[in-house]
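To keep things simple, chains are lettered A, B, C, D, E and F as they appear, and every chain counts its residues starting from 1.
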Amino acid sequence: MLPSIDALIALALEEDLGRGDVTSEVIFERGAQASGRIIAKEPLVVAGTEVAREVFLRVDARTRCDLVVADGQRLQPGEVVAQVAGSARSLLSAERTALNFLQRLSGIATLTRRFADSVAGTRAIVCDTRKTAPGWRLLDKRAVLAGGGANHRADLASGVLIKDNHIAACGSVKAAVERARARAPHGLRIEVEVTSIDQIDEALSAGAEVVLLDNMTPERVRACVAKIAGRAVIEVSGGITLDTIRAFAEAGPDRISVGALTHSARSLDVSLEVE
Amino acid sequence: MLPSIDALIALALEEDLGRGDVTSEVIFERGAQASGRIIAKEPLVVAGTEVAREVFLRVDARTRCDLVVADGQRLQPGEVVAQVAGSARSLLSAERTALNFLQRLSGIATLTRRFADSVAGTRAIVCDTRKTAPGWRLLDKRAVLAGGGANHRADLASGVLIKDNHIAACGSVKAAVERARARAPHGLRIEVEVTSIDQIDEALSAGAEVVLLDNMTPERVRACVAKIAGRAVIEVSGGITLDTIRAFAEAGPDRISVGALTHSARSLDVSLEVE
Amino acid sequence: MLPSIDALIALALEEDLGRGDVTSEVIFERGAQASGRIIAKEPLVVAGTEVAREVFLRVDARTRCDLVVADGQRLQPGEVVAQVAGSARSLLSAERTALNFLQRLSGIATLTRRFADSVAGTRAIVCDTRKTAPGWRLLDKRAVLAGGGANHRADLASGVLIKDNHIAACGSVKAAVERARARAPHGLRIEVEVTSIDQIDEALSAGAEVVLLDNMTPERVRACVAKIAGRAVIEVSGGITLDTIRAFAEAGPDRISVGALTHSARSLDVSLEVE
Amino acid sequence: MLPSIDALIALALEEDLGRGDVTSEVIFERGAQASGRIIAKEPLVVAGTEVAREVFLRVDARTRCDLVVADGQRLQPGEVVAQVAGSARSLLSAERTALNFLQRLSGIATLTRRFADSVAGTRAIVCDTRKTAPGWRLLDKRAVLAGGGANHRADLASGVLIKDNHIAACGSVKAAVERARARAPHGLRIEVEVTSIDQIDEALSAGAEVVLLDNMTPERVRACVAKIAGRAVIEVSGGITLDTIRAFAEAGPDRISVGALTHSARSLDVSLEVE
Amino acid sequence: MLPSIDALIALALEEDLGRGDVTSEVIFERGAQASGRIIAKEPLVVAGTEVAREVFLRVDARTRCDLVVADGQRLQPGEVVAQVAGSARSLLSAERTALNFLQRLSGIATLTRRFADSVAGTRAIVCDTRKTAPGWRLLDKRAVLAGGGANHRADLASGVLIKDNHIAACGSVKAAVERARARAPHGLRIEVEVTSIDQIDEALSAGAEVVLLDNMTPERVRACVAKIAGRAVIEVSGGITLDTIRAFAEAGPDRISVGALTHSARSLDVSLEVE
Amino acid sequence: MLPSIDALIALALEEDLGRGDVTSEVIFERGAQASGRIIAKEPLVVAGTEVAREVFLRVDARTRCDLVVADGQRLQPGEVVAQVAGSARSLLSAERTALNFLQRLSGIATLTRRFADSVAGTRAIVCDTRKTAPGWRLLDKRAVLAGGGANHRADLASGVLIKDNHIAACGSVKAAVERARARAPHGLRIEVEVTSIDQIDEALSAGAEVVLLDNMTPERVRACVAKIAGRAVIEVSGGITLDTIRAFAEAGPDRISVGALTHSARSLDVSLEVE
């Protein structure tokens, strides 16, 4: 586990059972054992399995948690995610936190899967944004991968994305792109947001390698794609839904970024059934 | 800020700008100043305002962030949440993290408001569950309060809730409730889940003070309410939606707990407009 | 280990051997092995055994530490708590921190045992307070359990206890209790402190479920118990000592809370004898 | 605040109010203000004042906390330690944690004062040990200073103290002392425990600069002091109480170390009186 | 301060003064004040000024520390970096840690300046590597900027750099580059290491955007530059020194990366002169 | 691992692979295995081996890392430090951080070895200072031991060192030494810096046990050594290099402290060769 994931798990355990689990402690005798299965209760693409296992082990290192599936697998209702066994107190105390991770991350993977399936056969790839739950960046992005999406930049250091505020500060698209190209690490492409088809030549001649078309209609995207004509990678964004994504994908962009993948996926139903 | 909120904010800042914000650093000159307004872009009940302000201040203690509204207020599109001013780099670097907090928490508050409004005029109060985003327990629960809901237990130490697994371990509802009553801290009520109306007398005579009716129809809830006849607090739960909650509320329970408030609220649109 | 206990152990190790153990490092050769026994040097009820073992393992994961007893057992002088074996440097470096945990927690358990034994045969149960050593809440409370006491609320979220300052803010016992009952999570009972027998009916009719009788004589407690007549749980507190607790217990309350259990227990003598 | 004290305060706040303070939140309106005085309720030497103030400020940076006394001052019942003012919720939420620090640390300072006064007029100075509450080393030792005691080594790196286990590993006092002298940092004296008067010449000729006389009678201490004759600093330890310390001090040692100062001081009564 | 810098400062303060500063505490009276100037003792390019100030403030928030220069300025011996004033104890306790930051970071900036000056007039830009002191990544890289260098990728997520091990795993340069291009975030360029001029066309046709020429002579670099002919960014690396860098720069690459900037710069002499 | 070393490793991993290792993730298939050897590429005294192993294990607990040598051993180019095997992704992701630790610490050990060898045959011992990389104190000092040097005080609590600022505050060497002797823990010697031979008698008669001769020529050191005549330990410091240390050592001091050991050692070449 990377340190930031360790830290999030620590926060999660502390907030739920930092003062103990009064119900389990008063009900179960100290030595009582139990076992159970974590089961999908609705169709889903699973994600977060390793974090869930880590939660059980952090609560009690003697708990056994065997993962039956790996992140990215599609499950039908009733299919088993993992089998757990150990102290009854430990299993029940860890249950909610482990499930909360699984349910949220499987929600993201499953929603991503639906978006990704919607663009099948086009050149477009669905990708995430930085609109992740604070503290969950890496987990959210891995869930997107599990769902068949791609990752956009991981953080503010791993991509240059010039938006309107940046352009305004520099005076023009050209000035902004040139300044970025001169100063940014050489392993990063320069991506710039354009708001009209007229800015495209300016951006490309200044050295932009990725063009972001934000809040355009599929028709305008199509026109921009034609204008760019392979001279840059093309990303589309802006309130794209399952209903509209196909039209955007058919307009020809390389990437369609969807904030909803990580900020508005609903949790899916996964439960622990104790035997 | 409480230590756990400090820790979550630290995780959030580290994951997004721990290696710097390469775009802002290459575009804005060191001394460049900016100001802007955080604005609701759709109708919402706002939550997370103080956390958002803290994010701006943690990125740069010299940033000014004046909150215009308080958590719990209803806002229309275009209404201002806060005004910010300071270094252009600092504002832009903090923007996404601050908005991610605001959008998720306002989503929870707004969804809660809709559920709460749906039960107006009944005795039922909408409350949350422990199905919060790991690491976010306190924030999620405060957003529920902002939306007009009530809080269920804060963690595993602040409530006794006996479910089927616990009952199975003790052999009967009666044995489980009695054991819990004998051992639990005296400031906690004993809540027990009953799966049929036949268990109610057993639960009450053993000392249960709260009865949880899980996954019942409104009709069965009504029958149980009549049976309990004021001898215990009644909580209803189990996949209740905006479409069904009114029927449940009219069946007479005291509390309706809804996991979706915190695990499936979509983020709402809030943005920073730089002037 | 829960995160907060991990954090306390980390603080403890850092403060004592964060810069190394100069004596052990200069005296023992790197490969030198040793073994020993942790022994009670005076009669005691042991507590903290698992934390002590964790200390040895955190200093050196290759150390072997076998617990011979479990928390809550009574030991006579010379009886063995645990056996340890491993690198001489590691054992000696961990010794003081491990013993400091054991000695303080066994002190709490033992003192609790004496209080609990003093009320044998009455309905009263001895319980702790929030007067624990900052940073040690969970450990202190578990030591109280090991000594045969019960736990009062774990923290400020797991119990409602209305004291004079709260009553003053609301204007009356009645107003305070009613406000708390309306707003508090439904899994919590409302406990209210009463300073005279005259307030009892007001408190009960407003919905108080636990009455705290603070700083009363046993006689006054007896009168209040009669007045309450089973309508609420009764807790007594206020400077109660081993000399006076029996008289209070015989007056009929349900709980007697004693701050001294955790804030004034003396450490008991436990030592590591290297063979 | 040093990082380790920050960390302990964070643990303390998290454990008590990490999930909120349900009573204060339901009773006090958000804007309600209050003020009060922290008052000694029994005679004491105060310690921990700055930590207590920090607790109030960490809960709410807008709280005002003015210290009226400094660590080390003697207070009579009714004398004021500090004045506090701010949000009623914030004051009441911080109260218990702040007092828990003050009460434990004032207990240590006061007990130290009694020991120190007992040796007045002799050359002996009372000092502490490493038998502090894990996590509290620096605070406990500062409270000893506040009570007029001196500090022994701060941790395992700031003093060489050769005990019987170390001597056994080396074969003789002479070998142990010589090895330590050759290898230890040159800013540290070599202290060695001797169990009989016969070992003194061996220790001194090997280069010991401090001799620890453990578990001897005052008479034997006197004989050792005569034998050492100013050639080394002399420390006495081993179960010394307020009843026996004077006899030890009059036997002529330089230091008397007392574990009870930090491991067995009872908490003293300090309270917050809200006006 | 970003969280990771906060954490490093906390480690640094804890390790040096976590148990107090015994010399300052015994020598200076509690209220004693002092002031002083931090002065360059040899020619240098300064870096780390804000971290140094933070160290003084973290030790004592009442200390005043006014920075006279900004990171990146060249200073001659005797020139002032900052002025400090406050408690004598606080200044002396913070001194060494603050200077240790300043001296190491100014060493990096100064060495970078020398390398950068050596390539003046060529198209080459000197940049850093990931060979930074663990825990210091962001600080080390900012010191490189202060010295006139550029930053290479910030971490393993902010750049794709395919080396021999990666190529071996894929079977060919072509396969490796194509796989990376297909899977990597679209904001990242694909950089690939080539070991002979023959691999260049393969790399470029597969989509490589940056070519790393490792451990070549200036002559071979020149040949590769000609071969690439502007079709990719060219980086050179491999044991380049102040003696050899000019020859490499004149061979025509875009970037010359030098691990020594951060892993082998000597600390420069900066001291605090108390007045 | 001690907590502070754990914390530094966590910072190091977070800063380099906290957002993942994009190259390894896109290139290597999830299950791909690899093995390799960590090899010295130039002559060195190795240090940091256990930290390097811990880095591999923290990235992936299933990685195998067998240390072939122990800290302090001299290695020739091509000699193996450790063998590693496991997931290809895990090995490559951990590589740079593990090597960064090894290279810096081996640099310190090797430079120390050279200084130590330079004084062979004299009574002088080479020792370190507090001029370590912030966050690395314990590691840096252990590397000095590995290189055959000795440690000076570990932190500000484990030694009393009175410098000119302290003397000025007290008015005289005599006053400063006496005050320190009266107040400092009795396990610490009093060390005082003297700037002229005339201060020696004053320092010794006041009780100084160690005399620091700072920034003197070897000739002046020799005169001071004669003057002190065995009455105190003698330390020499001040810009001593490999060229000058022999002359200082022959002047007769006990310790020569060299800041460069830890602040200016260059990293040595160690690499991971994947098979």
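For this structure, a couple of remarks:
Simple rule for what comes next: a residue touches a chain if its C-beta (ideal position, glycine included) is under 8 Å from a C-beta of that chain, and two chains touch if they have at least 3 such contacts.
Keep in mind that this is a model prediction, so the values were computed, not measured.
The minimum number of touch steps separating subunit B from subunit D is 1. The chains that touch subunit B as well as subunit C are A, D, E, F. The chain pair B-F and the chain pair E-F differ in C-beta contact count, and the higher one is E-F.
Per-chain CA centroids place subunit A at a distance of 44 Å from subunit C. Inter-chain centre distance (subunit A to subunit B, centres taken as mean C-alpha positions): 22 Å. Chain contacts: subunit B has residues 4, 11, 14-15, 17-20, 22, 137-138, 154-155, 157-161, 183, 185, 188 touching two or more partner chains.
If you draw each protein chain as a dot and join the dots that touch, every dot ends up joined to every other dot.
Here subunit C touches subunit F in the complex through residues 10-11, 13-14, 17-20, 22, 59, going by the rule given at the top.
On the subunit B side of its complex with subunit F, the touching residues are 14-15, 18-19.
Those residues of subunit A lying in contact with subunit E across their complex are 127, 150-155, 157-161, 183, 185-189, 191, 209-210, 233, 235, 254-255. Residue ranges on subunit A touching subunit B, taken from their complex, read 4, 7-9, 11-12, 14-28, 32, 34, 88, 92-93, 96-97, 100-101, 103-104, 107, 130-138, 155-162, 165-166, 168-170, 176, 179-180, 182-185, 188, 259-260, 263-264, 266-267, 274. Residues of subunit D that touch subunit E in their complex: 2-4, 6, 137-138, 141, 154-155, 158.
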